[in-house]
C-alpha cells in the first residue's frame, strides 16, 4: 500500500496549478485505491480553474475523467455494478459522481438523479485538505470512497481508448437515450467537440442513415467523418440558408428527424429550430454554462410540432452503457486517435491551457509518465 | 331533400359578411347533408375575416365548429368511426378536416397527420362558388363530403354542451395526450381561454392534484375554478416572482410537473420555462399565429432537464376522444355555461366582432333561430 | 423514550402467533421510532405464517402495512422524501422496503429496483432476535432504520383511511403506471380484492369511461361500484361467453382497451387474453404466488397485437403517489369503509385467520386498543 | 402499353398452379402497371395454396413480395410516399396492402392499421376473374391500383437484394420498432428463417452488443452469423438448460434484455419466457398460424416483471423503413445471398413445393426469365 501521492492542485480560482503531496489514508470498508493511468482534461476543468462554477471549495484537485488500475482494496469486498468482485490489478473506470443520495424526491419520485441536490462529484466538489484528500484525478492515486460505481475495462480496450470517451460519452448516451434515435433516422449534430463526436458515434452505431456534422473547425469535421458522419458542414464556409438547404437535400426534402445540439453557443438553438423537420425532435445538451439569451420564434416552434428535450448530466447507467458501446464497437472506430495531446502531472497547467485554446480534441494527463 | 341553403359569406378579407343563398347539390355516394344546429365562432374565424391566413380562397363560408342533425344521406351507406350507420335524424359532430390524404410521408411515415400538406378544412380552404358550395358552418346546411369523419352525439349531450368544446377541446386532447399527464400531477395552465379551459378540464378528469390557472381576465379565472382549477392566478394582479413563488408553494416547493401554454402570447414561453420544475414538461399549443420572437435562456432550459413539446392541430382521434370525455363527464362540469353568446345567421357579423372583442367565452351562431 | 414493546411473533411456520416483548434499542443516527396506530393484515402475512415464502428467517414479526406516529427521532435529523424534517408526533407511513441498494445492476442499469436482490422488507426478511428487533408492524413500536423512506400523512386523512390502501395501492399505482391508462379508456379489472379495488379507484381517478369489475364475491362487487366501477360482473353467475359479450357491449363492440389482472388465479390469464381488444393492453400483477401453469394460445395473442406487462412489487415512488391520490381524492371515495375488521395485538392470530377465510376486505390490528 | 399478361393461378385450394393469361385493363386515374422482375415465394403462399386462410376468393394469383419496373403510368400523376413522381422505367417495390381504409376505428382511433378490417392485400384477397385481374405477383405484370403505396428502389440496390427482404423485413421492422431495442442491448432471436434473419440484421444495425440466434437448421445458423449474430445455438444439439445457461453466460449472467420470437412454434413461447431476463422484453411475431395452445406459468411471468409485445402485420411505414435500411447498409451484409432459389413463372408450382420443404431461404420467381 503506497503512502503518499502527488496531485496537481488549483490553489484558488485563476491561480496556477501547484503540485502538492498528500498522505494516502487507510482504506475504510467499501473503499479502494486507484492508481491513475490517464485523467482527461475536460472543458469543465478550465471553467473550474477560472472559478466559474459556484459552490466549489478551493483548493481543488481537478479531474473527473479517470481510468486506471486498482492498487488496493479496503478491508471488505468491493463489487462492480455487475456484481463481480473488484481486485487489485483490475483496470477500471468509475462514475464521477461520488454520491447520489437515492433518498430525495429527485432521485426517487421524479427519477432524475442528475438533478439530485446531494450529488458530489470527483474533481469538483471536495476539498483535498480534508479526508480522504485524493478525490480528483489530476493525481497519482484516487481514493474511491465506498459506494463509488466502478466499471471494469475489457482487456481489448486500452486506457487511451477509454480516455477517448471522457465524460462526453456518458453525456452523449444520456442525450441519445432521451431522443427518438433508431435505425434509418436522418440526424444533424451541431458541434463536433467531444460531446458532438460521441453523439455522432452513437448515431452511427444506432443505424442512422444520414448524419450531418456541423462545426467551424476543419480538423474536427475530419474526425466527425472518421467517427460516423455521412456529411459535414463547415459553419464558417456556409450560410444559414445553405445549411438549411443542404440538410433538406440529403433528407428527401423533409429535413432532419433529430437535431442534436452540442455547441455551448446559444445561437445554435435558433439554428437548430430552423433545421429540424416538422414533427421532428431537438435534443439540447451543450448549454452547460450561461452564454446569455437567444431569440426564438414560438409560433415557428408550435407550427413545427416539435419534441424538444434538454439533457443535464449523466448517471452511472450512461457510463456503463458507454463502456459497452466502446467494447462492442472498438474495432469500428479509431478511438485512440481522439487522444491528441498527452501531458505529465507536472505539465497539468499546460494541459489546461491547451484545452482552453481548443487545440486538443481530448488531452490527457498521465501522472506516471 | 331541401333545395337551397342560406350562408354567411366573407366576400373578401375585412369586408362585412353577406348572406348568400346556394343550391344544395345532389348527394354523391358517401356524402350526407347536415342541418346545422350550432356553429361555434372561433378566434381563427376572426383571423380569416381579416385575411391573416395564407392560401385561403375568398369568398369563404366560415365555420369549422359545427354540430347538427343529419338531414339526408347520399345513395350509399355512411358510417361513423365506430362503424355504425349514419341515419337521417342523427345528431352529430364531424372532424373539421375535409380530407387528410393518408398517402403522404407526413401521414404514413412520420405519422403526423396534422402536418399533412394535402389537408383541407371545412370553413377555411374551400371556395363556396364551386361544388359542393356548402363546406362552411355559418350556413343552414353543410354538405358532408365522402370521407368526412362523423361522430354521433350521445342523447344526454345537448347541442350547446357539444358546442362548448369547439375546436378547442380536440386541440386540448392532442396537447394533453402528448404530455406526461397522470393522476397526482401538479400542473399550471397558462391562459383560461377555450383551449386553456379545456386543458383544465382534462387535467381534472385525469386526476391531477394541483391545477393552477393563470389569466388576466377575472371572468375566465372564475370559469377555470368551475372547470377544475384548484387555484387561479391573476396575471394583472401578480408579479412574475409572485407567480413563481405561488406555484412552488402549492407544489411542495418542487414547481409544477407540467406547464401548459394556451395563451397566444410569446412572452408566456419565457414565463413557462421559469415556472416548470426541474425535470418537468412544458407543452405549447397556443402559439397559432406569429406574435414575434421572444428571448429565452438556453442554459436555464438545459440545466432544468426539460421535456418541451409543441402541438399543432388535431386529428379525428382527438375529436372522438373529446366527445367521449364530454359524454362520460357531462354531469361533472356545467359545459353549457361556456356558451355565453348566441347569434342568428343574420347576426354573423356581430358574432365575429363580439369574438374579436373577447367578450364571449364561446359564441355560437344558430342558423335556424 | 419507551423502553419495551410488545409484538406478535410467528415462532415458526404454521405455529400460532405469540406475544413477545422486546427491548427498544437506542436510536442510531438517521433512525426513528414509530408508535404503531394500525398495521394491515395482508394476504402475504398468511403465506408467511404458513412458511410459503423462501428465505424468511423465523421467528418473525409480521406486518409491512404500517401507519402510526413518530415517537422519537434519533440523534440526527430525519427527513421525508420532500425534504421536510420528521418530528416527534408526525403521523406517517413508510415504504416497507427497509433497504434497496441502488448500487446493483437492477437498481442502476436496468432501473427495476423491485428486482434488486439486496432488498430487505419490514415484516418479512428480518429476525427479531437480532438488533434492532422491531422491524415488523404487528407490534407496539417499529424501529425505522436509517434510510427508511417516510411519507407524512396529511391531516385530513385518518389512520384508517391510510390503512385502506395497504400495500395494495402502491402495487396498483405501479401497475397502472406501467399501462396506457388515460381519460376515456375502457377497462376491465379482474378481481375485486384489495389490489383490484385500488386499480378500480385509480382508473376512475384517471378518467376511464368504462370500468368493469369482475369477481365472484358479491360484497366485493358492491364495493367496486362504490369505488368507481361503472359495471360489475359476477364470475359465479356468468359464463365466459357472457363476460366476453358483456364487455364488448359496453365498449362499442371493440372490447376493453386495458384488462388488469389482480386475481392470483392462473385461469384469469386465459380469460384476460380473450377479453382484451385487438391492439389492447393486458397488465398482470396478481400472480404473486405460484398457482401452476395455464394454457394459452400464442396465435390468438399474436393476432391480437397485444401489449402485455407484468408488474412485480412496488417502489417508494408508488407509495408516495398512493398517498397523493388518497389526499387529493379523499372526499370522493369512502376509504375508511374498506377497513372491515379491527383486532387488538392479542387477537393477531384471529386476524390472520379472518384474512385467510377472506372474510375481511382490509383487516387491521390496532396494537394500542 | 402491353395487352396481355401471363400469371400462375391457384385454381382452388390444393390444386396445382396453372398458367392463365389475362387482358391488361386500361389504366385508370392514379394507377400504374408494373412489370414484375422478381416475386418472392412466401410461407404464406404455401398456406394459401392449401386453403388454410379464411375468406380467400379462389382462383387466386399468389404473390405479395413484388419488385419490378414501372411499365406504364395512368392518365394522372402517381407519386411515391416522398412525393416524387413515379415514371415509366422506375424500379420500385410497393406495400402489399392494396387498401387500408383510414376511416375506421382501428385506423384512426386505436391507430393499429394492421388490424383494419377493410384491408385488402395483393396476392391474397382479390379474385383475378374480376377487374383489374392482375393483383398478384406470380405474373408478368401487376396492376397497381390507385392508392397503392410505392417506394422507389435506390440504384445501388439490385432486384435480388430487394427481394431478399420479402415481407419478412417489414414484419421485422414492425417488431423491432415495438421493442426497446437500442445500442448495447443483449438479444436472443428465436428462429433463423426470413423474419428471424431480418430481426438479426436490424439488431446488428441498431448496435446490439450480443445477438444469439437459435434455430435447428445449420445452414440458417450460418446465415445468421453472416447477418449479424454474435453467437448461434443449435436447437437440435442443445438442451433447454444449456440454452438458458449459454444466454446467461454471454450476458454477464443477467439474461437477454430482449427475446424475439420468430418461429411459428408455440413451444418457443415457453422457452422465451424462461430465457428473457427479469425486467426484460419479449417480442412475439412468429405465431401467424394457429399451432395450438402452450402451457406457461403466470407466476414466473409476473415475478419476472416483463414487457411482452405481440406484433401483427406491417404497415407502409415498415416497408419504407425496410428499404432505407437496405439502402444505407447494403454494403454491410450480402443481401443477395439470401435469394437461394430462382424459378421461372412456369416453375411456380415447383417454387411453392421447394418453399414447403423449407429448402430455400428466399425463393423468387422471375416471370421474364
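Each chain gets a letter, A, B, C and D, in the order it is written, and its residues are counted from 1.
Throughout what follows, a contact is a pair of C-beta atoms (placed from the backbone, for glycine too) under 8 Å apart; a residue touches a chain by one contact, two chains touch by 3 or more.
Treat the numbers as computed from the prediction; the structure is a model and nothing was measured.
Colleague: Which pair, B-C or B-D, has more C-beta contacts?
Modeller: Counting C-beta pairs in contact, B-C comes out ahead.
Colleague: Please name the chain that ends up farthest from subunit C once chain centres are defined by their CA atoms averaged.
Modeller: Result for max centroid distance from subunit C is chain D.
Colleague: Can you check how far apart subunit A and subunit B are, centre to centre, with Cα atoms defining each centre and the answer in Å?
Modeller: Chain centres of subunit A and subunit B, defined by C-alpha means, are spaced 45 Å apart.
Colleague: At what distance in angstrom does the C-alpha mean of subunit D lie from that of subunit B?
Modeller: Roughly 41 Å, centre to centre.
Colleague: Give the residues of subunit D touching no fewer than two other chains, as numbers and ranges.
Modeller: Expected reply: 82-83, 105, 252, 254, 321.
Colleague: Touching subunit C in the complex: which residues of subunit D?
Modeller: 105-106, 110, 112, 114-115, 252, 254, 266, 269, 277-279, 284-313
Colleague: Which stretch or stretches of subunit D touch subunit A in the complex?
Modeller: Going by the criterion above, the answer is residues 82-83, 176-177, 181-184, 202, 205-207, 209, 252-254, 321, 324-325, 327-329.
Colleague: Within their complex, state which residues of subunit B touch subunit D.
Modeller: My answer: residues 81-83, 100, 102-105, 108-109, 111, 147, 149, 315-317, 320-321.
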